[in-house]
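Consider the two complexes below, in which subunit A is the common component and subunit B and subunit C are the respective partners.
Moving on, here comes the complex of A and B:
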């Protein structure tokens, strides 16, 4: 259960503005791959994710899911194949974890087809995968930061899609929960074979998790290659503006930052 | 000690249970309805009431069937319509501070109805049509203004645009009332909101209008639940976010306009009822939609009964009474529910 994403000549612009945030982006994501989008703030990562999620219509170019333009797929059909978790999702007060996770099944239900046993089992297995059985009846606002993240991840999991798009899924988590979430993502890929595209700010975590890393710089794709090829001294200097290096192996990569590369240079 | 803890637990479970509220509000609604029919210039005892209802030749039969009963039915429909309209608007703007009155939808309906009354004073049958068109027009202007140059709806923009449009539309109503001061009594009653003089001819379109709005809202309950999530997530699970918002706005316009054309500008029912019920039973439209119908009907009947009895034989406008309850409730939301 996985699909390929192909991004061709993408120009993206937020509606009502007159500047392209992403320019001429070309990128291939193979089925079952984990790709991390990294880059400084404002380099176009989240905007790209919104375009992949069929939320932002490209000004030029197209996103293709298994060769099919995502805008030619119906909304409901698309939601059965691609799920996206935004940076700061909002749940209404009084919503329980279980009810939140059930929301992920919306695209699988129709006007006539109500709640079915496969919906219930998808919700159940998402709750189990995210270790939420104990808190399923609690309301979302009473959860801790880590539990809340897991609840949202469970919601996108219950959608049972071929592609998962996650925008900074570990932001705001302590190191233990961050570790757990990244571990879970790896497990999800192994168990379900989904294609994962995620925005991450911590380069060492990205290097550990990703098969390939896409480095964004000022709205363009600077590099798209394996972690060790991507996060070399030159890239870190030119894109992130730090004098740093990545050492260690792929299981425990280490990022050492010595100093800003050139404090006077604007990124 | 343990017993008390257990009792409290049961009590908490009970007040979270929608059936408890449905039953309680239904009892309140029926009780007020019976009281409202008994009370009037000629008060009735229960046995007299049944006698008058059962025998068409009873001296009070006509009063009950033609005046008091339609008033109770109309109050119920108006309350249910405004409460449902408020619920849909609160869902659209994802904020408890929305109400068809505050957002200018009532004023749109009212202005159109007043203009119709000025131009064609005799054609009362056109009133509901005009007020629906006025409410729909107000909703469209609010949406367009919120849409703005950035071509994107957001809850906050909808609220602020509604407040702006409301002040313009209400100025229009004030102007019409001022210019046609000779017809002032009828217009003033309309502007403050009153159920005085409603009859079965109002209910002929009021009841179907509210029924259509209810069915529409209940059919879309699952989509409305998703609208409470953020836009990106709701889109991601496959919801047509802007389409659902438009549907909710159209439903709110229909419900508010039929209510306004019968009772005038009654505010705050749409604010208080959905908000209080959401606090009590949670954010689910499956339970909130039916509960708002019962709760809105009950509140409108209580307010109308109070308006008729508080200063009897003088009758107070029910809209003014609702505003007396609603204003402080607005502050309660401000203090207790907003961060």
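Moving on, here comes the complex of A and C:
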């Protein structure tokens, strides 16, 4: 249950605008790989994720899932294989947590296939994984920000796809839940071989979780390599504008920021 | 019926010392400055503005030099190949690879076009609009650094009178565009300006001496 993503010469522009926010992006994500997209605000990470989820049609270039252009795959078929958690999803008013998570199974339903035991099992597993059993009957709008985030994550997990695209999945979570979510993501990759592409702002978390990091800078891919190759002093200075360094090992990396930097080189 | 060929602007070669200086500067930039441009490759472009006041506008630009005509397309292909090979690893990796490649590229002045220098401008920039209206222009090079003892930093005040030719496609456009792509990625909405050299003046301390 693994899928590869191939991004070729992608130029992305939001509808109604005349400027590309992502330019000539080329990147390969191998099956079962965890890739974290990092970069300053507005550098094109979320827009890229939207294009991977075929929610934004590229102005130029293509996204391929196992070699097939994502726009040539039916919506339902795509939803069975790829799930995306946007930055700020909005649930209809009055929807309970359980109903939201059940919605993740929608793509698996069909004319001849109703609600089945594997659907119930997937929903139950997702609720347990996200520690939501106690609040399953509550409506989504009554939850705290962190609980709401976990409810949406549970919905995405219940979709049981080969690819997960997550935009800042840990934003708003307390430390314990943040670590649990990151551990869970690593676990589902190991157990199910899921391919994961995430936007993360915390560089130390990205270094801990990712096989490779894609650093975005001004709408371009600045560097796509292992965490240790990516998160060096020069990248932190040029892309993030801080005088900082990443130390420690891959299990417990530590980011030390000393001061804002005055970059000497701007790409 | 008579058919008239498009008029090719007249040009004279750049002074050998100037071209050598430009090659030396670029070599130094790649070897020692990790690609950061030196003031010697960043002249002011002076463009006429017919009927406007002031009658001249001045723009800060970065200029490049072209490979000699017989090498132009081969070098373009090398830039393009380098780009295609490296862009999947990100623009930083491409930049670093580009620097490595260019460390040995800028060596011998005889490998470069002795008649022109180039720049890239946005198709909507006032400088380009001005050059299309009147291609006669000047490039003002000014380098003055009392602490710099090396050849490239020596005091220079030069005015190069040129005729601008705007390229939106073709071999010159491709060469400059792919060279630029190594450092700044693919750029839409740009035109390449080729400044065909007519004459150079040394303008130190109020002079206006023709340089041959």
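Following the convention adopted for this analysis, the second predicted complex is superposed on the first by the 260 of 267 C-alpha atoms of A that agree within 3 Å, B and C clash if a C-alpha of one lies under 4 Å from a C-alpha of the other, contacts with A are read in each partner's own complex, and residues count from 1 in each chain.
Criterion: a contact is a pair of C-beta atoms (placed from the backbone, for glycine too) under 8 Å apart; a residue touches a chain by one contact, two chains touch by 3 or more.
Not measured: the values here are computed from a predicted model.
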Subunit B versus subunit C as contact partner of A:222, first or second or both or neither: second
Of subunit C and subunit B, partner touching more subunit A residues: B
First (subunit B), second (subunit C), both or neither touched by A:83: first
First, second, both or neither for A:235, with subunit B first and subunit C second: second
Which superposed partner A:67 touches (first subunit B, second subunit C, both, neither): neither
Which superposed partner A:23 touches (first subunit B, second subunit C, both, neither): second
Shared contact residues on subunit A - subunit B and subunit C: none
Residues on subunit A engaged by subunit B in the complex (per definition of touch): 15-16, 50, 53-55, 75-76, 78-80, 82-86, 88-95, 99, 103-104, 106-107, 109, 155-156, 159
Subunit B residues touching subunit A - in the complex, by the definition given at the top: 94, 148-152, 222, 225-226, 228-230, 232-233, 235-240, 278, 282-284
Residues of subunit C touching subunit A in the complex: 34-36, 87-93, 95, 183-186, 188
For the subunit A and subunit C complex, residues of the former touching the latter: 20, 23-24, 26-28, 214-215, 217, 220-225, 235, 238, 264-265, 267
